[in-house]
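So that you can tell them apart, the chains are marked A, B, C and D in the order they are listed, and the count of residues begins at 1 in each.
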Amino acid sequence: MTFPAIPARNSGRRYQSLFQRAWQALWVLPLPVWLLLFFAVPLGLLVAISFWSVVNYRLTPDATLSAWRYVLGLDFLWASFWRSYGLSLSSAVAISLLAFPASYAMAFVATPRQRLILLGFAIAPFFTSYLVRIYSWQVFLAEGGVISSIVQAFGGNGESLLNTYFALFIGHATLALPVVLILQTIALANVDRTEISAAANLGARPGAILFRVILPAARPGLTLGLLFAFLLSYAEFVSAAYLGGGTFQTLPILVTDLVRAGQQWPRAAVVSLLMIASLLVTAFVTVLWAYREKG
Amino acid sequence: MTHSIITSRRRLIKGGLAAAAVLASPTVLRAQGQRELSMLTWAGHADPDVIGAFEEEHNVRIRAKEYVGGDQMLAQIAQSPAGTYDVVLADAEYVVQLQQAGFIEPLAAEDYPFDDFFPEFQNFRGHWFDGEPYAVFLRFGFLGLSHNRAAMSEAEARSYRSMWDSQHEGRIGHFDWHLPNLGALSLLNGNASPFDLDEQHWTELTDTMMSLRPQVRGFYDYGGMLSALRSGEVAAIPGIGDWITGVLARDGADVTTTIPEEGGLQWTESLSIGAGSKNQDLARTFIQYMMSPEGQVKTATLKAYPAMIPTKAGWARLNDEQPGEAQRQNMVLNGPNALDEIRAGRIRLRELPVQQSLETWNDAWTRYKNA
Amino acid sequence: MPPHLKHSLPKAFWIAGLAVVFLLLYAPILSAVLFSFSADRFPSLNMSGFSTEWYTQVLTDRAMLEALWNSLTVAGLTALIATALGFAAAYADYRFRFFGQKAVLALALLPPTVPLVILGLAMLAFFSRIGIAGTLMAVVAAHVVIAAPFAMAICRLRLAQLDETLEIAAQNLGAQPYSALIRIVLPHTLPAILAAFLITFAVSFDEYVISWFTGGLNQTIPVAVLNTLQGQVDPTIHVIGTMSFSVTLTLVLIALAVVLSQSGGAMSKEETQ
Amino acid sequence: MTNAHLKLDGLAKSYGRFVAVEEFSLDISEGEFIAIMGPSGCGKTTTLRMLAGLETANRGQITLAGTRIDQLPVWERETPLVWQSLALFPFMTVRENVEFGLKMRGVSRAERRRRADDWLERLGISSYADRNVARLSGGQRQRVALARSLVLEPKVLLLDEPLSALDAHMAIKMQGELKKLQRELGITFVYVTHSHSEAFSLADRVVIMNAGRVEQIGSPQDIFLRPRSKFVAQFVGGISLLEGRVSDKEDGKRFLDTPDGKVRLAHGAGLAKGATADLAVRADRISVTVEPGWGENEIACTLISEEFAGAVVNLHLETASGHSLVAQLQQRDLEQLDASIGARVYASWHPDDGFLLESTRQSGSSPRVRAA
């Protein structure tokens, strides 16, 4: 004999699941709702604006492809695109390479305590106005500035470094270096120490340990650092204008240029959408690659 | 500008206390029954030196939205609710665009001292529509060839042609805006009306521009031009004027602006009342203040960038109070002055292209930069 | 630490690396500090004298002080909201499996890819239509969009290190979900929450494009810097840079002191390995 | 069993198309020690989690002391769990960990402290009360986990492989303590493990699960001596299985035809001629000789390996058809056997020591076993 089944309290189960749903929704919903309201809607508006027209210098709702036709018909559009892409990609690679030895030192050489101190000081400049820092670089890079004076003292010609790729790179590095340092250091610090020891135990030389154990193990984090440096450099226009002297015609500069033709925001919107699309593709491919399983 | 340490320290402490007071009681400050006047303006015009006296006299608080480009200004006013901005300060070219888009109110001619204007400025082009003024001419300046004297002499600067000299290769800078650059080169091409070009002259102009491209160092904004010209990194910049070199000269840099033989351009900044403003009376009072001799002197000597002024009374007051500056800006009352240049026909107004669309000019400029 | 860990990269490399990186990070700041005391309007190597003129100018400029107040308000609110939203999203991703989970993550990571000039205009257009354009609240709403993803990423990384059974174990011992969250998840995530607050604060405090478009008459510090840079170049820019760096440095030093003084627990784990 | 204290009735759980637990019914009396065992992925932990409320059953119900509890959320069930990972709260001291559940139930501070200290004392860890749990040894942590659950004085304690993190020596010591505690407290224990020794030495009844199904429920002896299915026989180990067909009766005796020859069955009741059947023989009942002719059931084998297990030796044999057999010998007997690896030997047993697996008798029907 068994206990008679106690009738299921349906209301009880429903109450419980309602409570759980509400509790879950409390955590799941806030960010998406905020983003939908204050980001997705403006973004949708941006898409809409790309189909609007400009009448008497006034942005007017419309359904025309003229902005798309105009922008896609620009003969220098793709040159600008690839220049932008190439510049930010090379900056991202250079910044990652530049940051790596320092990240390595923070992850492997420094004690956790020293690492914390170094990271603290690496992040501190991030809080100081980016505009101010870019403006300050001019003093170093200009003719008669710090760097050219030093070069001159050693018998060089002391040319200004402004309006060169080097200046642009300095600007990108100013923006992205702290982020890359943090991501790389975390990635390296999380590499399993026993794997490294095992490799050393099996006779791997330092170089082999670096290239065959550490780099592959830290790949996702290192790639994310690269991606962030790329994202930041790609959308950057202050250092392109101030340090690059407007000589490097990148897409963000094209965006501001297009607006100057009498409120041509629809065209600027088209270029922006192209930028967003290319960034998304890049980010997607990079993330796939970063987390790709071997074999 | 160097102060003795003691006075500056005292001022610093005073400043610190003031800072603490403001930070501690921001709401108190706003609750003194003051009226507020909002202004959309180029940077520097809301400097306390300029508007402080007006604010005090009328117990009004001027809140300025400073913009860094006419197109941003238009976008800001277009996307903000009507009546957001009571006073709008804009370049004359943009007055036309503001009026066409319906962003500014018509003014009453009798409210402003147009009679006191030098005759050249009385019925200023692009400010009057159907006999009604939409903007009051506040200040102006000349655009020519600005140069670092160490790199390019005044004699050289008498022609825009010098920019093509091999010794200035990679040493020519540009202000990154198509209108003044194309205008200056149009003058070089000998176009009497530099912005009113038929197809053939327009093609010639773009050809001239393209031939200059190898000489170009960079395309700058305000701050960039200051440092580039000051350090001699660029020898010369066409289509700008005393609004850059005057600032640098005041600080002791060896730079100046020369109006070449081929002629120069005139830039103009004007004041308007924003469409739908709820403080039109106050806005009118403010514009009247800026047009008064006192306001005129203040705007002529604006810290951000100096300029010439259109009223006779303003000239008189400037000569009275700051003869040196009047001299420097060539606004002397007795004897040859800046107006002679206009009267001699060497100065043309910077304006919107007549036969081509604005976007055609902008495209040409973007193409030039990308070349 | 075993020697083979240290020397996979030659010593010269990482010493040079550290030197170059910190030089790059600090050169502009040192220059800002130096020229903030210059008597000259334009920075130049042969400075004509020392002056605190520019500090006086910044500290007595009412517009600047209001900008500072605005910036603190906006950055403070942004950091508060963005951290709360970011933590909620990170916790939701950590704790629950729900429909559209990947979509939410993708949506959160999208904002950094949109050029700010155009996002600023789109937001201004949108905010005007809902009637909040030109208010500080509009700036906060926009800043939360760009800052919250950072907060989410930081909190999520920290949560990944939390044994999932702990929270359920607490519930199993009778803790209500909110109670388990407060007693188990929050103490663990607290360092990340603080870090997220600081980072989002900094992101908002340094943003000028969106602030310019959506802030209307309410100017923030970076907008004031931008205006100075575009219309009235003088060393007040350096003064603002110096002042904000001093505050940051103080905060970083305090944070380091706090963390280092109680680094017995979490940090020692690695040291003993 | 009418006085079931904890009753699981038809519990089922699946994740999408994967069936974790197919149907689980079991009545547990008060103070009983139940061990659930099986290979990993068999559903034993899922069952435990359904008891604790960490998983919601798709079907079925759970009753504790006459009250239905399967609809209660985790935090309202009085079924504390001792986790495999222990799940001690790392940022709390030992005492704070132990007091946690009481605090959640609103017990006053003084009372909490008294009861926590009582249990810390009882488990011999009071000297660590103010220590951070991260700085304890495995055995100490284990005791904290137990104290944390027992301080709540639950009617049922759930344990999920609680000793798996301990070294063998400590695990055996804790086994003894656990059994003692359970006897003293009279609490029902539901204990999930994959260790035979833990299950057989601790439990009153053992539940063997496989692939979401219950294979057998019974006392340790029952399961050890009478595995009902091939799976249980193999899982329990030490049993040799021979597959074959039931042959004709000869002299009233039944035989099984295997590929390695004919062996006699003890009882032949209910077996039809030609039916397939699994014969099981326990290792300790098999004798190994070098010469044939020692027993009634005898199969020629090759000696594959010897495995020393303390006082006894397991001999692994292989028949001509490739079947494996295991024989357990005393050390002394091995010395007398005098056979080297690879030698030909003969395995034999008494017919009464072989038994047919229950599942073969029900061939055709589902092998599922329902608990009584």
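The rule is simple: contacts are C-beta pairs under 8 Å (C-beta built on N, C-alpha and C of every residue); 3 or more make two chains touch, one makes a residue touch a chain.
Note that this is a predicted model, so its numbers are computed, not measured.
When the interfaces A-B and B-C are ranked by how many C-beta pairs touch across them, B-C comes first. Taking the mean of C-alpha positions as each chain's centre, the chain lying farthest from the centre of chain C is D.
With centres taken as mean Cα positions, chain D sits 55 Å from chain A. Between the Cα centres of chain B and chain D there is a gap of 90 Å. Chain centres here are Cα means. That of chain B falls 37 Å from that of chain C.
Counting partners per residue, chain B has 72, 75, 79, 221, 223, 227 as the residues that reach two or more other chains. The multi-chain contact residues of chain A, meaning those touching 2 or more other chains, are 135, 138, 144-145, 256, 265. Shown for chain D are the residues in touch with two or more other chains, namely 73.
Within the complex formed with chain C, the residues of chain B that make contact are 1-3, 5, 8-9, 11-12, 14-16, 18-19, 22-23, 26, 38, 42-44, 46-48, 63-66, 68, 72, 75-76, 79-81, 84, 221-223, 226-227, 230, 247-248, 251, 253, 303-305. Residue ranges of chain A in contact with chain B, taken from their complex: 56-59, 76, 79-80, 135, 138, 142-145, 160, 162-163, 241-242, 244-247, 249, 254, 256-265. By the touch criterion stated above, chain C contacts chain B in their complex at residues 39-42, 48-53, 55-63, 65-66, 68-69, 121, 124-125, 128, 131, 133-134, 212-213, 216-217, 219, 223, 226-233.
Of all the residues in chain C, the ones that touch chain A in their complex are 1-2, 4-10, 13-18, 20-22, 24-29, 31-32, 35, 43-45, 81, 84-86, 88-89, 91-92, 95-96, 98, 104, 107-119, 121-123, 125-126, 141-142, 144-145, 148, 152, 157, 177, 198, 202, 205-206, 208, 221-222, 225-226, 229, 237-238, 240-241, 244-245, 248-249, 251-253, 255-256, 259-260, 263, 267, 270-271, 273. Chain contact summary for the complex, chain B toward chain A: residues 69, 71-72, 74-75, 78-79, 97, 100-102, 174, 176-178, 217-221, 223-224, 227-228, 231-233, 357-359, 361-363, 365-367, 369-370.
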